[in-house]
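Chains: A, B, C and D, in written order; residue numbering restarts at 1 for each.
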Amino acid sequence: MVGGGQGAYIGNIHRLAARLDGAWHLVAGAFDVDPDKGRAFALSQGIDPARSYGSYEEMIAGEKDRSDRVDAVAICTPNFTHYPIAKALIEAGFDVICEKPLTATLEDAIALEALARESGRFVGVTYTYSGYPMVHEARVRIAAGEIGKIRTVQVEYPLEWMAAPIEQQGNAQAAWRTDPKKNGRGGSIGDIGTHAYHLAGFVTGLKLASLTADLATFVEGRALDDNAHVMMRYEGGARGLLWSSQVALGNSNGVRLRVFGETGSFQWYQEQPNELVYAPLDGRVQTIKRGSDEVSEDARLRSRTPPGHPEGYLEAFANLYAGFAEAIRARRDGRAPGALGQNLPLTYDGLKGVAFVEAVVDSAEAKEPVWLTPVAV
Amino acid sequence: MVGGGQGAYIGNIHRLAARLDGAWHLVAGAFDVDPDKGRAFALSQGIDPARSYGSYEEMIAGEKDRSDRVDAVAICTPNFTHYPIAKALIEAGFDVICEKPLTATLEDAIALEALARESGRFVGVTYTYSGYPMVHEARVRIAAGEIGKIRTVQVEYPLEWMAAPIEQQGNAQAAWRTDPKKNGRGGSIGDIGTHAYHLAGFVTGLKLASLTADLATFVEGRALDDNAHVMMRYEGGARGLLWSSQVALGNSNGVRLRVFGETGSFQWYQEQPNELVYAPLDGRVQTIKRGSDEVSEDARLRSRTPPGHPEGYLEAFANLYAGFAEAIRARRDGRAPGALGQNLPLTYDGLKGVAFVEAVVDSAEAKEPVWLTPVAV
Amino acid sequence: MVGGGQGAYIGNIHRLAARLDGAWHLVAGAFDVDPDKGRAFALSQGIDPARSYGSYEEMIAGEKDRSDRVDAVAICTPNFTHYPIAKALIEAGFDVICEKPLTATLEDAIALEALARESGRFVGVTYTYSGYPMVHEARVRIAAGEIGKIRTVQVEYPLEWMAAPIEQQGNAQAAWRTDPKKNGRGGSIGDIGTHAYHLAGFVTGLKLASLTADLATFVEGRALDDNAHVMMRYEGGARGLLWSSQVALGNSNGVRLRVFGETGSFQWYQEQPNELVYAPLDGRVQTIKRGSDEVSEDARLRSRTPPGHPEGYLEAFANLYAGFAEAIRARRDGRAPGALGQNLPLTYDGLKGVAFVEAVVDSAEAKEPVWLTPVAV
Amino acid sequence: MVGGGQGAYIGNIHRLAARLDGAWHLVAGAFDVDPDKGRAFALSQGIDPARSYGSYEEMIAGEKDRSDRVDAVAICTPNFTHYPIAKALIEAGFDVICEKPLTATLEDAIALEALARESGRFVGVTYTYSGYPMVHEARVRIAAGEIGKIRTVQVEYPLEWMAAPIEQQGNAQAAWRTDPKKNGRGGSIGDIGTHAYHLAGFVTGLKLASLTADLATFVEGRALDDNAHVMMRYEGGARGLLWSSQVALGNSNGVRLRVFGETGSFQWYQEQPNELVYAPLDGRVQTIKRGSDEVSEDARLRSRTPPGHPEGYLEAFANLYAGFAEAIRARRDGRAPGALGQNLPLTYDGLKGVAFVEAVVDSAEAKEPVWLTPVAV
């Protein structure tokens, strides 16, 4: 692991998720830009001091030639460092698990996607919400035609934690996220809108044709958008509406997806992730429960407990880690991955996310409103 | 009453609402374009045959000079007839209660608004959702600064009943709503988007600065949009997102409003109208119940039962009727209306609604995307 | 109407409910034990002063021989007066609509039931919750065998308004309800437990075989129970659990019924009365919406608006009034009543309710716990 | 670990929970009554074959004298084997983590509790629901007097999975649970009622004074109750109602606790475990979110993610395992355990649970109804 040391929220999530199913062991890391802090943290995690490194470069040098070298490296650093770290790791022959967004700039994303493709290295991107079993359930059913041709997609990701100018009050997590150099050009749209965009595409299988967007910065002094409205047109005629916000009081982590087709709809809300609401044309409204007999194999594989025993965010994240393990293992074994190792967010998904954010910002910054097509869809 | 005869959904609603509080008595009407049907229906309602008319012209002629002439006339006909009927009524000196949208065309709306203003006649428009007590509660609290300056408004009105081409299968309600000549240029946006737009403006007090829109027609052969996405910019910097749809399976009548300010948010959902969800900056989420001690006088006045005894759509509609009665009575008495007679949807609100629909359609039909300002806001 | 004057909560509900569907006109009344107050109130309601009476005896005398005498009289007075008033009305040949509980004592209930039966007068009892359309939906489906043989019934009616000793602080509504002489022997069990008991029996069609109960009085100085727990055994083997409480903070009017059968279950919650939750054996959970195509004729008849347009407490109450009107009219016409006039709460239901309360109190007061069978089931 | 091999539901849960926080490593086990199956399973879990045992006796013999012997042993076998296994482990000096109920008989429970107490060995019992952070939140707030003196407790645990006679159709999990010899005398009350009883006592701190119960067996041919109704009286005057059911269609795992005090109430529902609903005397209803700033230290310590990132059943179970680790470590270190190592379900809680079940069955089997006091409360 690179980054994710003391006090890093997402690093801890990665560790919990990797550990849950027993498929991964954390054995080495460069956890902090401050080498001493990184080493102290590694010690607290029970990591062999010989494999606790002061920087990712040191880690590459130290691990490269070990017979028991790490199978993959998780990158849990601020956005702008994703590219150089991933590049170095790939070039040294490591597989990579990278936090989203893939990179802070479109050029980096294009380059990294090409590098991953050409090198044959595995690069997974942690679009967490695609790890939820009931998200897979919706995906499988839509692919099977259960709601017919899709008409409109409503997706939103409202958060409340940045409603006040906390980046000006010492909150480090907020500070780098509002710094264009470290975060990239998209504020809420880059940090969370990209999750919503991926989720919508993942579940529906739709490709974006064009978008037009309106960004706003409501907190005074903030350098990036904290609220984004995006109208989308998908190939084939479906339309979409996307809202991301970091100032939406009352929303802890309100990811919500609603997909409406010709013959039915699905609704999924991340804060009650064990349920998928299905409404067919005949007027019934049905709740499909995770773990029940009626869910698909793809959802069942990503589920550990029976219905009524709630699973949540860590289990979804663990599904990604279990899937990455299966995908990497299958490739090494020269076989096709099992279902867990399929339908994973990979480099091209990461590139699409960055391209989406760029197009949103371009559209919003245009003198006249404009429908734009991202460079990768 | 004009229109609203046998089988007319909204006419029956008007009658129930008018009757509930005992403030109105239905004593005359021209209920159907077919005079015989209209008279048969009048009979079924216990109306004096002498006051059951074959047309609105007959009704005006018959009522005009009676000493006990009707106090006001409710117009419950398809959109395109609102203007001529209202015009005739106003010119004959009657007060009017008109279904939304005010008219089918912008010219008619402008003319009718001017006529109402100049004549001094009362013209109420039945924007139903502004009759709900907890909508007033949100309005009062926002006006009092309880959530600070407003940042973003999310409003939606999804319906499912027109997901199939029912206008091609004999459904009369759907038929005129999809006929541009009878309905006006806006499909879902004109029929229900206008409700959502009014509700958002009513609660927040914000004025629209400009909008850009994307309309879609998903049902083959339908002549008007059945799904609308609108991005809005309000004066003062707030942003809004509006979605209306007639093809959103699973939504019976899913009007939902969420308003986010600097220091709090309110959420109201029409299908559970007795609750208002309030989330202040401190992370708490609170449910405010209709009828409870903490609601304002404005909400209490529009409430008949204690908390836990659900009120609904008819009671909201009845609040409009009770308000119209109070406003008309106050004017006759030469006094200021009581609170029930204030904050009512009137002609200018109707005009704003039609101007909004026109701007949405203009924006969506423009070759290049465009931010437009409605002619009345 | 007898009682229900200025400030009387339930009297106003009766008037709104009677008026909603236009089936009843309030033309006479003795609204208050204080004749002057009663007359002033009658005036405020637009009632002919000649038919505004100082007492129910006066009303009987005044109405008895009018050719346009009232069709029925609603009794909205405290419990202990129900019997003498109803008796006098029946003996004078009037039909009666009586608030629940039917009477304050078991002897009175037995006598009144016999009187009603022998006289042939109509006596409806306003067990409000049996007026809700989705309650009828559950009843119809259970009768049709949709959930198989019933196993267990969970019914509860928690309220919060008497959590503090408000009867000692000037609240008149609470004062008579906690006075055994005016209210009868059952506190929460008599005031609201009787609603829950009726609802469970109404929906399931089950007859009580025996019960054992535990009553508590939590508010110091209160003379009657404010919390009741009852275990029930129904004929045929089904079991039930009933909870009523006047001190359950957080519950405005939390009537909830859950019925579990061999092949399915129904759940209905009064604060969201437009939905019935149905769970068949196969693991699906389905929401059935009032007004939708899948509801029965019995539910449809008691519904005025389409799905998504909430109806509530007043509409349920109005369904009882519309049903009483149909039942009375049918009897006068010498025909069987239509569906609206069937499945109404009548005198025997009222008697069963009083017998239930008596058995609960007897069981709770017994030295040793005891399973008792009410005298009427 | 003893038991919990291939196909064992609860064994897998124990492993996931133990692993999540990295506090435990599974290094040895006797996973199956069939030694070969047990060894194959051990292999699949990556366990050193030298520490994969054919029986718990072998395991004790094999581990007893190792310098790296296991720190504690989890017992995941059917109820009737808990006592002999735990006894042997304790006598051999091992700490124990035991599935609930502690034992199948009251004598065993009394003996085991005494043995644990006298030996000084640690014996944790996995009353899972006491691991949830918001359950601790309620406990802490009630102990702090936030809702005043408790009046009534409503607790229920409905399940649906045994609504059909699945034990007669080859379901092994259902088979031993309906066999009095393997399961003990309580059916639903022993399997899940004991969870509900513990949860209520854990959160409120109340001691049971007496109970009276009604058990039913609805599935033909079933040897134990599958539905239990219990009325409870707590010391100090509070009352309680408990319902457990294995035949409640629509309920996946519907543990629900509601506690009503003089000045407020708390409501917690296991299927939405990240929320605690708080209703104070003033009529507000507030949702308290796991992970938010307003929760107590005790809840925060048992939480890994911010609000809106759902945690669930496995995390609750992991909190027990993390707590057991802390308690065991603290005792070895000769220090008081940190907060995580306090408020854990231990042997006496297990004994109380068994005593409760015995009293329920005794009460239900009595010729005449009877209020009984369990031998341990």
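In this section, a contact is a pair of C-beta atoms (placed from the backbone, for glycine too) under 8 Å apart; a residue touches a chain by one contact, two chains touch by 3 or more.
These numbers come from a predicted model, not from an experiment.
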item: Least step count from subunit A to subunit C, where 1 means the two chains touch; value: 1
item: Set of chains adjacent to subunit A and to subunit B; value: C, D
item: Pair exhibiting more inter-chain C-beta contacts, B-D or A-D; value: A-D
item: Centre-of-Cα separation between subunit D and subunit A, whole angstrom; value: 36
item: Distance from the mean Cα position of subunit D to that of subunit C, given in whole angstrom; value: 42
item: Interchain centroid distance [CA atoms averaged], subunit B/subunit D, Å; value: 55
item: Sites on subunit B at which at least two other chains make contact; value: 251, 283, 285, 289, 292, 307
item: Subunit B - residues contacting subunit C, complex; value: 9, 12-13, 15-16, 19-22, 46, 159, 161, 251-254, 270-274, 289, 291-292, 304-315
item: Subunit B residues touching subunit A - in the complex, by the definition given at the top; value: 147, 151-152, 154, 156, 160, 163-164, 212, 214, 216, 218, 227, 229, 231, 233, 237, 239, 241, 243, 245, 247-251, 258, 260-265, 267, 277, 279-281, 283, 285, 368-371
item: Contacting residues of subunit D [partner subunit B, same complex]; value: 282-289, 292-294, 307
